[in-house]
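Both of the next two complexes hold chain A, though its partner changes from chain B to chain C.
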Partner chain A sequence: MTATAEAPPTDPPTTPEPETGGSRLAGLGEVVLRWAGAIAGAIIIFAAILISKGTDPISVFTDTWSATLLNSYSVQQILIKAAPFALAALAVVVPSRAGLVNVGGEGQVIVGAIAAAGLDLAFGASLPGGLMLLVMLLGGVLAGAAWAGIAAVMRLTVSVNEAVSTLLLNYVALDLLLALIYQPWKDPLGSGQPASRPVEDAAKLPVFSGTSVHLGLLLVVAAAVAVWAVFRYTAWGYQLQAVGGNPEAARRAGLPVTRLLLTAMLVGGALAGLGGAIHLTGVEYQLRPGFASQVGYLGFLASWLARHKPGAVLLAATVLAALAVAGDSLQLDSGLPAATANILTGLILIAVLGWTGTRKKASSR
Partner chain B sequence: MHPLLEVLGYTITFGQVKANQGVDFDVLPGEVHALVGENGAGKSTLLKLIYGVYQPDSGEVMAGGKQVLIGSPADARALGIGMVFQDLRLVPALTVAENIGLALGGRFRLGLDRVAERIRAASEEHGLPVNPDRLVRHLSIGERQRTEILKVLMTGARLIILDEPTSVLAPQEVESLFAVIRRMRDNGYGVVIVTHKLNEVRAVADRVTVLRGGQVVLRGAKPADHDDASLVEAMVGRRVPPLARPRTEVQETETPALVLQGVSADGDRGHEALHAVSLTVAPGEIVGVAGVAGSGQKELCEVALGLRPPTTGTVTVSGTMLANNPVLGALKAGAVGIPEDPVADSVVAGLTVLEHMPLGGRPAPRKGLGIDWAKLATRTREDDSRAGLRMAPLYRRVAELSGGNIQRVVLTRALGGESTLVVAAYPSRGLDIANTRRTQELLLERAKQGAGVLVVSEDLDELISLADRIAVMHDGHLAGVVDAAGADRMAIGQLMLGGAEAAVDAGTTQQDATTQQEEGSAA
Partner chain C sequence: MSLVVDVLSGAVRGGTSVMYGALGETVSEKAGVVNLGTEGCMLVGALAGFATASATGNPWLGVLIAAVGGGALAGIHAILVISRGANQFASGLTLLFFALGLTSLYGADYVGKEIHALNPIAIPGLSDIPFLGPILFHQDALTYLSYLTAPALWWIMASTRPGLLLRTAGERAEVLTVHGYRIATTRYAAVITGGALAGIGGAHLSIAYAQSWFENMIVGRGFIAVALVIFASWQPLRVMVGAYLFGAALALSPALQARGIGINQFALDVLPFLVTLLVLAFLGKRTLLSAPAELRRVFDNTAT
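Our next item is the complex of A and B:
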């Protein structure tokens, strides 16, 4: 009998952290299995839809597979598409750490691109190319942060739910884009379509030689690593987690809750803004209607698929990009309507998310 | 005479935990049988087995001399077993008659007039005054409890099980509850009362059964045959020496640990929850806060920690008047808090025990932009061994711990290190006797090292044995401050229930209170 009291039976002496190497590996296996199961389920449902349309699903799948993943052009397309998805997803990841829901990636991406394009219009001719590119990317970062900041300030001063305000600001950003390219920024040398003047060649993102993949991809990976490191190693990342996990506990700890919520939102917006600037300088080169359309929403989904983990976000963004590219080839090769590809994407998303949902419930028991 | 209920060899296992192991228990008509034991000793499990919520793995149960099967609470009620739960199960928006009518049930129409008539008759018979027409929402906790007991009696119960009925009551209300229990006993009812307070066992029980670790360690004994020390030993499994309480002289000249001057504050629902409270806690002094639940204790603690802004008045922690950013101000002045609801107010989902430590207010060691977790772990281990509450391992997630283990994390964080002011709301909530004792010792140690301690407790005996002075709250007012040494429980109880006549009965108390208030308004 020791000097201290024995814990009663329902208060058992607690065991050490169960997260050993073995179980972590088992956890990874489980994740892979979960994804595989969900995607298989979605594909089976999709096959049923194809059959009902009188198409042979096997040939559609093999055609799509070879056209997407066995084709170097398509792989490049996937990487190019994945870049803004990943940044838009990181724009959800950071605020979510503090318990905030940022649905405004779409608008923040557009505003980032508008800022970059505007800077190019204003100073493009007077600054050396490399410096111009840097200024444009920075402008995108600041504009994205400012756009998200509007929602953050509304939340912190007049308690407007940030999920609603960020969503509504998406429409404002889109209208802003259209207003600019239909009138003041319309390219006079263009084909008559509403679009801004293409950015100076010197201010375009360089590409990996022999490909169409721009170097912005490195920035995307760097951003994900940076977010991961900030979460893991900085006091700020820790404090965000405390605020997100229990705001009352954070308040009682004397943490600057308001400042933490604001900065989380600003950083999120900055990442999306960077995504917009990269997409402009690396892929599209000019603003047009439908610029980066759906990027913010797909990024939102990527973040949820990755359970708001910065590393997993890269993978989720790539998967979504692959689905988008596969959808293009589906449309072209099988003569299926455009909506078919969206059905496949939607089915997979719902399957994966549904699966994570039930799992979460089971583990919280 | 057959027992109303006799349980033989009840055993039930949850996972690897034998929650009840070969438990024998019986209740005779016309007796009060106390069931005592620590948290986790298996009392609640036994009650749920008796009431048919759980089914035993093995064992049998007899009612009135015949073997029966209790497969559900409905079966239990049919056998005349009635349960009064700790969290009273009444619908606040309905009247007493409507609530009882619902329980009587049977027909589509409740026939409320008849129900009300029956309630009046039954409340006369059992000495349980309730007004059938009042909304439950407007009843005090004591009245709700009476309603609940009446409901159980009117549904035909012969065996009444009361699960920790006194935990929410003021001493006077406890007395009248015991009067009701004695009356039920005299009328031939069997009563089981679950408690962990020995003075209640002595006051009302004919027999006592002690559970420990799911087993019966003392069966159906007469309380008079055992002294307190041996009953505690039965509950805890070892001897618990009485609390050594060195009283230190309070230095009047020192900066007070806490000064509240004319503090009023609103509660969560916008009503005034604290009214013109003036109170001073000196360094080295322990001030207990007594009061019926919801009399402003929570708000008092929050105001002292800067968590709730006063509408009027000032709060000064160790010489620092709380103004802008009061939470940080209080923490920087050396205040630590033990929240009323640790799960809601302290536990952060996903964070480990170690990661909860910086949230106690003491600055964590830094390394560059980050926190020096290794250094913090070393400091936390030191705190843990100093506190001696055997906190859960540092890398366990706190949200996965049981309530008692969470409380030990919160206590170790608050009491393991230096502080100038300790604000402890119900510090021993969820703890067993040994850890409760250790927590009390820690509060004394903190005071001895110069901290002022403000401690809220439902247990008047705990406050009397621990505190230098006891501040009694009633309806947001400071009804009085009494010296703990030789304090009169009944006088404190009068203050808890409020009213000017109460203060007169309490004698010196009123004087204390007015002195405090004068000090407040003079400054």
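Our next item is the complex of A and C:
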């Protein structure tokens, strides 16, 4: 397992697991305490960094808090941003259960959006809106799956590690996006930075009335539930986790390891591709440079934050989205660069990765 | 200048920062630790170096502080993965975001500033050699230093005691324990040294290549560095070749455009990644076999 392979013998003793007689409540209390401590530590260090820049952290926190969480526009932005994060995170969750590392969410999201936009450019005017939307989302799903499939096939035929190939494919996808919008797909009516033509109005995801929150959010929740159910109830999910646990044993038990690994990767890519298509049809409406930038990497981290649990992924994605939106209000209210919020994101993840896992958790992954 | 000379000298100039990053990643991975945060180390190095050069007027002091900064960030990675048992990929990406945030916060004051930069110096005599002169000997001092760094690293890893310890930490870590060394200490040293080299790579970008600082200025070179190490089968001299190949792809499109040959820049930008993927596919299992054993365990948890 990735996490434990590196755990060296010099690992300092972590808090021992509760004794066999220890109540589950005590264990839960300890987990809550660890998380609270880790996050508090991250916030304190962030405050210290703000002070070092001559900014008053208390006013930054209160301003950002009210601008981000007490403002309905911002809350809507958080939900909108969380949607692709969550799908990109689920794209990490599924392969990880089989022991595969998908660092390619970034590229899979982008090709999902490219496919959706391309279908709209090709058929947008000739199909009825609802059908067109469906075709676009499906196109995104297939494109994302295909992109991850490249890495899966390379892994299974010529032993190229999927963490490496998915990472490289991110850049191929990004260059493909840029090449398309700088030349063939460039909107002749657009001004400023090059972008593709906005998708047909009829092919946009409907929004909850009175808000900018699109119905794609329901798809995201459905996807998380589906992933959870698949691992809980289906043979495929069970076998996948057997492969992730011990591939050699799974092979000897006669499981179709190659097919399981391939499908795990395809499903992961499909989820990320759906994320790209949803982000296009629900939020951005057109491809531009920086489209869904860092969504894949943040999704990867959301998956780790959630310890690869589908339900927790929704929460983790929302937290990371809130931090990203907080960055925007930091810029508006406190005059700090929006990317400053990444410091807090980084600190929280450092704290969570390093100081919330117990030995048992680490080895059960 | 002819097109070839133009592209190749650009390749050396543009490839140098990636080479430092990839050499750093090589050191780290030889000891069994992948650092996806190399991009972050380069960012921190670029800003720390630029800020120091701006404050002191001394670009070399900037390079030194860049190494310290890159090493410090890598130190966090080391703590997380070596002492705390965190996942290497997650920790590396985390550090990237941490570095993105830190450098945009502290770097805001340095956008648009000018510094006493490291400019190209023609080496008398050598720079007059036809063809090779303008390619290799009309560069900045950090690039000249990189000509020595890669072979030096190769020699250190192949022939010295620290190099042997490093390789042992990556191949059969338990042997270190048997001989009374601490695995963790060796790995810490490797990861931090790797970060320091990446920091120098970042400094090359801000102090010598672009001679400016702007947010997120590494734009993926750190990830390319990680890919390059695999492309180069963990060998410093091959890293050098790979870095120049990458630099050549970067230099080709402006060189063609300057001659009125229109070409979609992004179609060229994608070449290094496609080439790396193709090479990996072609080498296949052989790449994996040349990887340090402890590293294979990090990558291949479901060996097929």
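Methods note: the second predicted complex is superposed on the first by the 319 of 365 C-alpha atoms of A that agree within 3 Å, B and C clash if a C-alpha of one lies under 4 Å from a C-alpha of the other, contacts with A are read in each partner's own complex, and residues count from 1 in each chain.
Here, contacts are C-beta pairs under 8 Å (C-beta built on N, C-alpha and C of every residue); 3 or more make two chains touch, one makes a residue touch a chain.
This is a predicted model, so every value here is computed, not measured.
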{"item": "Touched partner set for A:V103, first chain B, second chain C, both or neither", "value": "second"}
{"item": "Touched partner set for A:W304, first chain B, second chain C, both or neither", "value": "second"}
{"item": "Chain B versus chain C as contact partner of A:L176, first or second or both or neither", "value": "second"}
{"item": "Superposed model, chain A: greater residue contact from chain B or chain C", "value": "C"}
{"item": "Chain B versus chain C as contact partner of A:L167, first or second or both or neither", "value": "second"}
{"item": "Touched partner set for A:N71, first chain B, second chain C, both or neither", "value": "neither"}
{"item": "Which superposed partner A:G254 touches (first chain B, second chain C, both, neither)", "value": "first"}
{"item": "Which superposed partner A:Q331 touches (first chain B, second chain C, both, neither)", "value": "neither"}
{"item": "On chain A, the residue positions that both chain B and chain C contact, one per complex", "value": "1, 4-12"}
{"item": "Chain A residues within the chain B interface of the complex", "value": "1, 4-12, 14-17, 233-236, 238, 241-242, 245-246, 248-255"}
{"item": "Residues of chain A defined as touching chain C within the complex", "value": "1-12, 49, 53, 98-101, 103, 154-156, 158-161, 163-165, 167-172, 175-176, 178-179, 182-183, 243-244, 247, 257-258, 261, 297-298, 300-301, 304, 336-347, 349-350, 353-355, 357, 362"}
{"item": "Parts of chain C lying in touch with chain A, wherever the complex brings them together", "value": "32-33, 36, 76, 79-91, 93-102, 104-106, 108, 173, 177, 182-184, 187, 215-216, 220, 223-224, 226-227, 230, 264-267, 269-270, 273-274, 276-277, 280-282, 284-285, 287-288, 294, 297-304"}
{"item": "Touching residues (chain side chain B, partner chain A) in the complex", "value": "17-19, 38-42, 213-214, 236-238, 305, 307, 325, 327-328, 331-332, 337, 339, 344-352, 355, 358-361, 364, 366, 369-371, 388, 390, 392-393, 395-396, 401-402, 404-405, 432-435"}
